[in-house]
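Pasting a structure below so you can have a look.
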Amino acid sequence: MGIIETKKLIFEYIRRDEEGNVEGITRAVDQVDLDIKQGDFVAILGHNGSGKSTLAKHLNAILYPTEGTVWVDGKDTAKEEYLWDIRQNAGMVFQNPDNQIIGQVVEEDVGFGPENMGVPTKEIWERVEESLKAVGMYKYRKHSPNKLSGGQKQRVSIAGVIAMHPKCIILDEPTAMLDPNGRKEVIRAVRALNQVEGITVILITHYMEEIIHADRAIVMDQGHIAMQGSPREIFSQVERLKELRLDVPQVTLLAYELKKSGVSLPEGILTCEELIAALPV
Amino acid sequence: MAIILNHVSHIYEEGTSMEAAALKDVSLAIPDGQFIGLIGHTGSGKSTLVQHLNGLMKPTSGNIFYNGADIHEEGYNKKELRSKVGLVFQYPEHQLFEIDVFSDVCFGPKNMGLDEKEVQLRAYAALKQVGLEDDYFYQSPFDLSGGQKRRVAIAGVLAMKPEVLILDEPTAGLDPKGRDEILDRIAALRKETGITVILVSHSMDDVAKYVDRIVVMNQGGVMYDDEPKKVFRYYKELEAVGLAAPQVTYIMHALKEKGYPVNTDAITIEEAKDEILKALGMKS
Amino acid sequence: MLRDITLGQYYQTESVIHKLDPRVKLVATIVFIITLFLINNFIGYIIAAVFLACMVKLSKVPFRFMVKGMKSIVFLLMIAVVFNLFLTPGEPLFSFWRLTVTKEGLKLAVMMAIRLVFLIIGSSLMTLTTTPNNLTDGMEKLLSPLKRLHVPVHEVSMMMSIALRFIPILLEETDKIMKAQIARGADFESGNLIKKAKSLVPLLVPLFISAFRRANDLAMAMEARCYRGGEHRTKMKPLIYQKRDRAAYGVLFAYAAVCIYFGRIFTI
C-alpha cells in the first residue's frame, strides 16, 4: 500500500436555498482511485472547477469522503482517532500566501506546527532551523512575513509544513498567485524536498511548465481522472488537453505543429533542448 | 496623443530614511488606439505607473497630460478623467458588491451622473462585450465562477465607455483556457471599438501575440520600449532582471546558433513553425 | 506604505528594558499606575518622576517617541485640568467672570495633569519596548490562572495575535478596494452624513467578504497544521524568568514601597 491511496472516492456538495431546502447536489469528486508511492512526485492538473482542490483537501482530512475511502499512510481518514496523525503525515500548502501564515515573525510561523504537536522547545528550534534551511529562507527567520515577496511567503509556508516532519506534502496551487520568479523559487524548493529529503510531493497546478519534472501526472475533469501517465505521455495528447481547458508548453505545441506539417519528431517533446536535438539537420 | 508622461517620478516618504523611489523619471507617449503590453516583475513600478494614468496617484515630480491637458492642474475634472481612462485592478472581482451582476455593472455609469436609461443601456452593452450570457444578469455576483466574476468586473469599467482601458494582470489566477478567453475578448473589443488598451502583465508569453508595443519596467524606470520582436532581441538582458522572453525566442536563437537559417524575430508558434519549415526546406 | 504600520508602535533597539520578560513589564506598568493614584503629595510625584526618567533612559528609546503618544490625549488632559481647576470647592485664589479658581482646585488640576502624563509615558514605554506578539504571550501566561475559571485565555491571546497580523493586510486591502471604486467613479468624500455613509457600502461589502474569506482560509490552514486549541501545546519561545527579571521585580517593589510611604505620609 502506498503513502496515499483512495478508493472510489466521491465527494458531494449539497446546495441549499435560503430556507435550507436542498436545491441540488454537485459531485465535485467522482469515483477517484489513486495510489501514490512513498517518494513519488505526482502532479494533479485540471482547469478551475475540475475538482482537483476538493480532492486535495481529502488527502489530509480537511474534507471527508461522501462515499469511498481515503488512506494516508495506511490510516483511514474518516476515523477520528487518526486525525492528528494524518494531518501531521500529510502536510498541506495552500494557494494564498497571505492567508496561511499565522506567525508575525517567520521563525515563529514555522514553529507553529511543531508547537501544536507538542514537540519540546529545544527540538522545535532545531526543526525550524532545518526547515528554513531546506527552503533557503533561513536568513529571513527574524523578518515579518508581511515584508516578504509572494514566492518567499510560500517557501515559509512550505517550511512550516516540513517542520512537522510529514511523509507527504500536498501543494494546492501554490504558485497561482505568484509572478514567474516566485513560481520558479517555489518549484525549485519543492523539487529539492522531493529529491534531497525524499518527501512525497503532490503538486496541484494548472501551469504546465511545472509538471515536467513530475514522475506522474494526473489530469482531472468534472471530478474524475481524465488522463494519467508520465508528463511526456500527457503532453503528447495536445488536442485532448485543449478539450480539457489546459494547454501545453510552447515548445511542445511547436513540436506538435511541426509534426503535423510533416517534420519527423518524437512524441511529447518537453524542453527546448529536446526539440533542437530532435530536429533533422 | 492620448496620454503623455513627462519625466514622472514617484518617491515614497521623500526626505526621510525610508525614502524609496517607485517611479524614476518615466517619460512615455501613448497614442490613441495602441495596444500596449506593460511588463515587469513584482515591484518594478508597473502598478504604480498605471495608477498615475488616471490620477489615483500623484507624481512627486513631472507632469501627466491627457488629451493635451495637465491632469493635476487646478480645476481639472478628475472624475471625468477616471471614466475616460478606465482602470481594472488586479483581482477585480474583489471589488464586486451589489446584489446582482447587472446593478454592479451599473455602478460606474451611475456615478457619472447619466440618466437611468443610459446607465442600463451601457451596462447591458458592457456585459455583452465581455460575453456574459443574459441568464447570469440577475444572479448574485458571488455565485459566479472565478472567470465569470472577473468578466463582470471588467464590464463594470467598460460600462463607463472609457477611451483608454488599462488592465492590471487580468489573467492572474485563471486557468489556461480562462486566460485565453479573457485576452481574446480584449483583443476583439479593441478591434471593434479602436479603444487604447494597456495590458499590465509579468508574462511575455501572454502579451506577445496581442500587443503592438511592449514597455518593460525595471526598478521604477522604463528599460525597453519598442515593438515586441525588437524587445525580445534583448532576451539575455531581460533574463538578467528576472523576466523571460517567450519560449519561442529561445528556440529560435538556439536554432540559429546551431546553424539553421532562421529569423530569430519570430515570436508566435505560427511564425516559428513557418521559419523552421522554411529552414528545413519544407513548405508550410 | 500601509504594510509598514506596526500597531502599538514598537521601537526596535537593544536595551535591558527590551529584554525583560513581558510579564515584568505588564506588572510594572500596572503597579506604576496604581502608585500614581495612591500618591497625594509632591514628594511622591518626584519619586515617580525619577523612577520613570530612569526607565526611559534605560530603554534607549528617544524621549520624543513618548511625547508622540501624548498628542492624542492633549484634549482629554485639558478637559481634566479645566474641570478640576474650576469645579473644586475650597479657598478661592482668584476669580474672573463666573469662574473661581480655588487653592484645592489648582492642586488637584496639577496632580491630575501629572498623573495623566506619567500614565501615558509609562504605558507607551511598555508598548515601545515590547513587540505586540510578546505582549500577547505575556498576557496569556499572566492570566493563565483564570483558565481554571473557564476563561478562554489561550483563545483570546491567539485571537489578538492573529488580529495583529491581519490588521496591516486588511488596511492594504481597504486601500486597494477604495482605489478600485474611485476608478469606477465612487466618491467617498463629498455629501452629507447619510450620503457619506451610503458611499461606504461599495467599500465595506467587499472588505467584509474578503475578511471572511481570509478567516476561512486561515482556519483551514491552522487545522491542517494540527492546531487544536491550547491543550497539548508546547511553546517555541516559552516565557521563563531570568535573573534580570527577578531583579526587576525587586526594583519595582522597592520603588512602590518607597513611593507609597513618602507619597502618603508627608503632606505639603
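The chains carry the letters A, B and C, assigned in the order they are written, with residues numbered from 1 in each.
Simple rule for what comes next: a residue touches a chain if its C-beta (ideal position, glycine included) is under 8 Å from a C-beta of that chain, and two chains touch if they have at least 3 such contacts.
Since the model is a prediction, treat every value here as computed from it, not as a measurement.
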item: Fewest hops from chain A to chain C - one hop per pair of touching chains; value: 1
item: Contact-richer chain pair [A-B vs B-C]; value: A-B
item: Computed distance of Cα centres, chain C from chain B, in Å; value: 45
item: Length of the line joining the C-alpha centres of chain A and chain B, rounded to whole Å; value: 30
item: Residue ranges of chain C in contact with chain B within the complex; value: 1, 4, 173, 176-177, 179-187, 201-202, 205-206, 209-210
item: Contact set on chain B toward chain C in their complex; value: 12-13, 18, 51, 54, 56, 79, 82-83, 86-87, 89, 92, 94-97, 107-108, 110-112, 142, 156-157, 160
item: Residues of chain B touching chain A in the complex; value: 41-43, 145-147, 172-178, 180, 202-203, 205, 242-244, 246-248, 250-251, 254-255, 258, 260, 269-270, 272-273, 276-277, 280, 282, 284
item: Interface residues, chain A side, partner chain C - complex; value: 60, 62, 84, 87-88, 91-92, 94, 96, 98-105, 107-108, 111-121, 124-125, 128, 145-147, 160-161, 164
item: Interface residues, chain C side, partner chain A - complex; value: 3, 131-133, 161-162, 164-165, 168-169, 213-214, 217-218, 220-228, 232-238
